[in-house]
Every structure is written in C-alpha cells, then in structure tokens.
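All chains are identified by letter, namely A, B, C and D, in their written order; residue positions are counted from 1 within each chain.
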Amino acid sequence: MIHVLSSTPSILNQFIAEIRDAEIQRDKMRFRKNLERLGTIFASSISARLTYEMKEVITPLGIAVVPVLQEYPVLATILRAGLPFHQGLLHFFDKSDNAFISAFRKHHKDGSFSIHIEYASVTDIENKVVILSDTMLASGSSMVLAYRELISHGKPKHTHIAAVLASVEGLEYIKKHLDQQDITIWVGVIDEELTAQSYIVPGLGDAGDLAYGIKH
Amino acid sequence: MIHVLSSTPSILNQFIAEIRDAEIQRDKMRFRKNLERLGTIFASSISARLTYEMKEVITPLGIAVVPVLQEYPVLATILRAGLPFHQGLLHFFDKSDNAFISAFRKHHKDGSFSIHIEYASVTDIENKVVILSDTMLASGSSMVLAYRELISHGKPKHTHIAAVLASVEGLEYIKKHLDQQDITIWVGVIDEELTAQSYIVPGLGDAGDLAYGIKH
Amino acid sequence: MIHVLSSTPSILNQFIAEIRDAEIQRDKMRFRKNLERLGTIFASSISARLTYEMKEVITPLGIAVVPVLQEYPVLATILRAGLPFHQGLLHFFDKSDNAFISAFRKHHKDGSFSIHIEYASVTDIENKVVILSDTMLASGSSMVLAYRELISHGKPKHTHIAAVLASVEGLEYIKKHLDQQDITIWVGVIDEELTAQSYIVPGLGDAGDLAYGIKH
Amino acid sequence: MIHVLSSTPSILNQFIAEIRDAEIQRDKMRFRKNLERLGTIFASSISARLTYEMKEVITPLGIAVVPVLQEYPVLATILRAGLPFHQGLLHFFDKSDNAFISAFRKHHKDGSFSIHIEYASVTDIENKVVILSDTMLASGSSMVLAYRELISHGKPKHTHIAAVLASVEGLEYIKKHLDQQDITIWVGVIDEELTAQSYIVPGLGDAGDLAYGIKH
C-alpha cells in the first residue's frame, strides 16, 4: 500500500516546493529545516497506524483516561541524506530507538554503479514496528538493501518505508523485491522520470550534498 | 464546525497525555515542547483548509509544477499561556504575520472574576485568514474577547480557533457568541467539566504557570 | 558595568551581521532564529556570573561531583520584540520562571511619544537573580519602565539587563536612572546614533515588525 | 593546546551534570538536547579562533561595517555517538560543509578490541579549518583514526578536536599520535579513569546507546 501525502492539500506541499527550489536550496539551514518539518508530518501520518492503549493519567485536578503509544517504533535511516528527515521523525518519536545504515554507490569503469551497505548500527528490531526512512527513493536499491540489512538483525512486526520524493521506477522496484504484507510505503510526492544516473527528475538534485555539502 | 483532533488515533494523543500528567509536567521544557509539537500538528491539520496555487519551481534538474500556499494565515495568540502552542504554529507557518493579545482575569471581592483585554499587538488582518490560538479553551470568554479585539482591527476572511484542551461549556459559549459562518474550531480534546473558577477538569492545571512559572 | 559581547571575535558577530542585513531580514524565520541563537550566547555569557554548588551525580559507572546551578534566574522580557531573544535564553535556562512585560509607545499630536506599561505577567522575583531582556535598547525608557514594573513585584537579588543592540544614548539613560549596584548590562553591540523617533542607526530597523509583521 | 570549558563556571556545567546523571538520562530527548546545547557552546568557544573580515551591511536605516566569518569550518563527526553534539555545532555553523565518519569496535576473542573505520562521507577539506567532534574521547583511538581518515581526503589548514568528556589517557594518546601544531583540543571536562573496556569513569556510560538505543 502506498500513501502519497501530497495528494491532499496541506503545508507539506509548501515544504516540498521549497526543497525542490534551486534558489531556496542555497540556504542549507532552511533545506534541512524543511526536511525536519516533513519528518514530523510523516511521523504524525504514520502514527495513525500505530497501536495505542488507554492509560490513567493523574492531572493536577483529576484523572484522565487517555490513549498513549503502546510502544515506540524503531527509526531506521540511510546515511547521510536521510539524517535531516530522520531528525524530524525523532522529534516526534522522541523515545524511539534508532538504526543508521549507510549505502554506498560504487561506480564502475563502464559508468554503471552498484550499491553496497558499508555501515549499520542497529538496535533490537525483533517484533518491533520499524520506520525506515530516506529523503529520496530513486532507483529503490538503497532502500531494498537497507531493508535486507535491517532484517538480518531481526524480524520486524511491520516496516513503514518513508521517503519525501520517490520515482515511479523506484516504487516499482520496491514492490518487486519486498513482500507487500511486510511493508507500508509513505511518500511525499512521486516524480515520473529517473535518469540513467538514478537521479529523480525534476526531483531536487542530491539531497545529501544540499544538506551537508558536496561529497569529495 | 468543530474538529476534534484526538478523535482518530495519532501521536497527538501521546503529547496530550504528557501535558496532562502532573509528574511529566515537572519538566517545564518538555511541557513547552509538547505544546510546540501540538502546534505543528494543528498547523498541518488547519493547512488542509487553506488555499494553494500552482507554481513553477526550477529544480537543479528540471521544472516542477507544485502547489504552494497562496497566502500565509495571520497567527494570533493569547498571552501568556498561548505562547508555546503559538511557537509550534509559527514553526510551520514561518512567513506568517502575528498578533499577540493579553487577556486578564480581574478577581472580584465576591470570588467571581471578569476577563479584560489589556494588550493587543495586531498586524493587518483585513481579509486575511486568521488562526487564533490558546492552549486552553475553558469558559470561552478570553477567546471571545480576543476575537472581538481582533476584529476591531479589521475583518478577517475567516478565523480558525485552535485550542489543545476545551471544555464542553467553553465550546457552547463560543457557539453562542460568535457567528458560525465566520469561524472554524479545532480542538485537541474536549473535557466534560468546568469548575466554578473556570478550570477544566480533568484538564491539566494552569498552562501558563506550567510553561512559565506561577504568576505572582 | 557594561559587557559588550562583540568586543571579541566570535560567531555572535555573524549573527548580528545577519539580523542587520535588510536582504537577509526578508527571511523572518532566519531573523527569529538568529535572535534565538544570540539569546543562547547571552545565556552562556551571563551564566558565568551565576552561583553554582557541588553536587554528587550518580552516573551508570560511578559518582561524579560536579557543579550545578544553585538556582535558575528569572527571565523577564519586553513584548513583542523581546520574544525571540527570550526564547534563546529560555532554551538554555529551561527550568527558569518567566516574566512578560509590554511597553507601549503612545504617540502624541506633536510627534513626540511616551512609553507606558500595559501588561505585566510576573512570577516571584523576590531575592532572585533576574535577566531582563529586549532585542533593542534604543532610548532606554522601555527598559527602565520595565525594570520599575518588575521591582514593584519584589526586590531581585541582582538584575542582568541584556540587549542585542544598544545605543550610546540608551546606555546613558539606563546608567542615569538605575542604581549601578543593582544591575549588570550585557549588550551585543553599541551603535552611535539614535534618531528623533528613537530608532538606532545603523541598527536593524524595527525588531518586532521584522520578527512578527508590521503592527497595524 | 587543550581548552577545558568547564574550568570556568557556566551553564555548560549544568548540561554536563545532566548528561552524566543516570536518572536524567532516562529522558533520551533531554540527553540529546543537552548534547546539542553543548555543541552550540563549543561552537561559540571555537569560533573565537576563526577568521573574520569586515563587511558593509545595508540595514533598513543605514550602513553598518561589521565582522563576518571569512569562511565556515568543516564539521566532521564520528558516528553514531557524535551526532547530537554535531547537531549543536551545525546549529551555529549553519553554512558549514560536513563529514561523517564511522568508527567500529571489533571485539576479539581474548576480550580486547581494535577500532576500524567503516564509513566516511567527507566534503572538501583541503586548506579548510575543520572541527572534528565526538561526544566522548575515551581511549582516543577513534579520534586518531578519524583524523587520519580525514587527512587522507586533503590537508586541513587546522583541526579543532572537540569532545564533551575526555579521559586523561585519551588526551595523552592524542598528544602522542597527532602533531600538536596541526590541532587544538577543546573538551568539556576531563575524567581520571579509563576502564579496560575503554569506558570513561565516572563518565556517563555509552553516549550512543543513551542517545539512540542499545546497539544490537
């Protein structure tokens, strides 16, 4: 199941417009802030699918019986481009455990590249709900590799895959390689085109470079 | 029309549970942070009712035609208890103009009190969409007075009234005194009881004192 | 005693340069953010004059004897322009109680104006250290009035007066009207000129309008 | 040269006390927030050693000649424990480029371990000022390895090494392995003891686990 958050009007569209805009991108602080704000909106949307339990809370004036999260999801993200988006998710799910995974594009002499996992710092995910996030879902191969790395550490109860911008091709790739029963996909917006170098068009460029500087 | 944001499960319920909890309230930073987080959720919800227009955005790789806010709402709040909630609204509507209004409880010798407007710093609201926010909507009289103060400065296109906690009685008061066509009400949760001193029960106590210290 | 924080090189100068710059001011979010960052720098500087006591802290691996704040200062600010700067102070002094005071310029027919206190929400300040902050210290009369309003609620142990931009004339006015033993002054930078309308030149314009929109 | 920021009284000591405190550590949000606040204090302190140039800034009311940063330092950090501290540095140096390096403890059968670099995402550092940060400087070997990884990408003009908590032994290790002319060291506080497992005592425990959850 794919949820496209821009399909209804909301301030999320404003934030996406700003991160796409080459002029506004020159302010790296605003670029990162927009990804953080988007992260909180995704957190809020995904939180509708989590499990709550009723709890008695003692207020200064009485007792309230209110729903609280039964357990916090584990927040996994892909380095480095996923970090500002992850910050937003963590801002809302402040008690969550976290996992960081790095995916690396290895460029070959013929101009092609393959993606490898280099680094994975993963907390216990066995039987947990996981939110696996990245800013961009381009070819989809980083996300699939990260997911496989994750499940080598344990079997999640369910995984929500979250990306601000996704390509049609990337979504197809995910659907082809991951079992639909295990995952739910949340994206901000879907772009049609993917270049041979796996850049989403019109997209926004390289999210990692825009947030943190051009990689050497 | 009244929107009750806690009527569907989401992380908003967790934040409301925490601001109610007398134990968790001891951490003033978390109390304010929760109100800010709630402010961003309200901003996101209310933003679904704002007007967007399509705009061409030049990305580093192409042109995207995307919806952006046609105009930002004016954010009005009631001092001092409304400030942390307002911070959250402003965090999302970062280009908005703002209005600050202070309402004052004048206590009479017989134990009753009346509410007066002392201070109003208001930007141009003529024909603008306004979000008038306060953390609590108890008796409703501060909100109605603040609204009247606002419209003495101009006629808004529409006003969204936002409060984290509301009493049944307060909502009735608003409906009785304000024209339903001019306003839309957004609340986090509705509590049944209102004490003679206009405290919501079970509520959370005095939001201003909890955020900023006991007023002398 | 007057501490001028820009007298030594530091990132504070960068933030002050940005809030002065008419082009950068167009981004209200960055304008407010810069005032918040400046607030944290002032908090850090002023904190060197507060009192600490040694406390045993139990870490997961042992016991550390460390200095902690003996008591948090009360943070008082002047509405509305002081709010973003106050946010920064509160970000560091997160357990502090707070006071909000509004000063109002009453314009007379002859073009002159006088400043009045309209609103004061003050916590207990008796025998407390107080930090009274405003973004601008122009003529100095708002600050002096706010100080007098404050001390009508109790006698502070000591008051730190903090302003990002100050005029020579405003500092003279403070020195003339307040007892030097009761206060310590902290400013970011001192500008020479003050216009007849009490604007600091070159200054930065109207801090309240830049943060929150032009007052109606 | 080693700067120990806790050697003079300031709110920094309060933040360090809180991150050490096993009880307060239970609030992961506050733990991360304290590291972020410490990051901004370090940024401010280190910024005194950066180079500024005078620039004409056009304010709404005149022209101010003010010092601005000549260039932003590159912010390098060690994953994952360095991230919240790095967030604070980045909050102040918002235009900086960034580098992320992961160091990995490989445990051997005899109970010993060695540290390896797994992942490095590095921007151009040639002739740049670099701030290389980590929350803890325990044995010092991660920091030395990260530094060597960094300089394999270019030769920095100068490197500031920043850590909230350092051990005497770790500082000795740095001094022994790195050329003192190339680096300046900034630490919050120095603890005497280092366990055989390279934990600082009394320290604070494992900063990565406390911020992000126990690594699987």
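By definition in this document, a residue touches a chain if its C-beta (ideal position, glycine included) is under 8 Å from a C-beta of that chain, and two chains touch if they have at least 3 such contacts.
Worth saying up front: this structure is predicted, and the values here are computed from it rather than measured.
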{"item": "Which listed pair, C-D, B-C or B-D, duplicates the contacts of A-D in over half of its pairs", "value": "B-C"}
{"item": "Centre-of-Cα separation between chain B and chain A, whole angstrom", "value": "30"}
{"item": "Chain A and chain C, separation of their C-alpha mean positions in angstrom", "value": "40"}
{"item": "Touching two or more other chains - residue numbers and ranges from chain A", "value": "29"}
{"item": "Chain contact graph, described as a line, ring, star, complete graph or other shape", "value": "complete"}
{"item": "Residues of chain C that touch chain B when the two form their complex", "value": "28-29, 74, 79-80, 83, 87, 94-98, 100, 102, 104, 118-119, 121-125, 153-154, 208, 212-216"}
{"item": "In the complex with chain D, residue positions of chain C that touch it", "value": "6, 8-14, 16-17, 20-23, 25, 37, 40-41, 43-44, 47-48, 50, 52, 55, 57-64, 66-69, 91-93, 189, 191, 193, 195, 199-205"}
{"item": "Residues of chain C defined as touching chain A within the complex", "value": "27, 29-30, 33"}
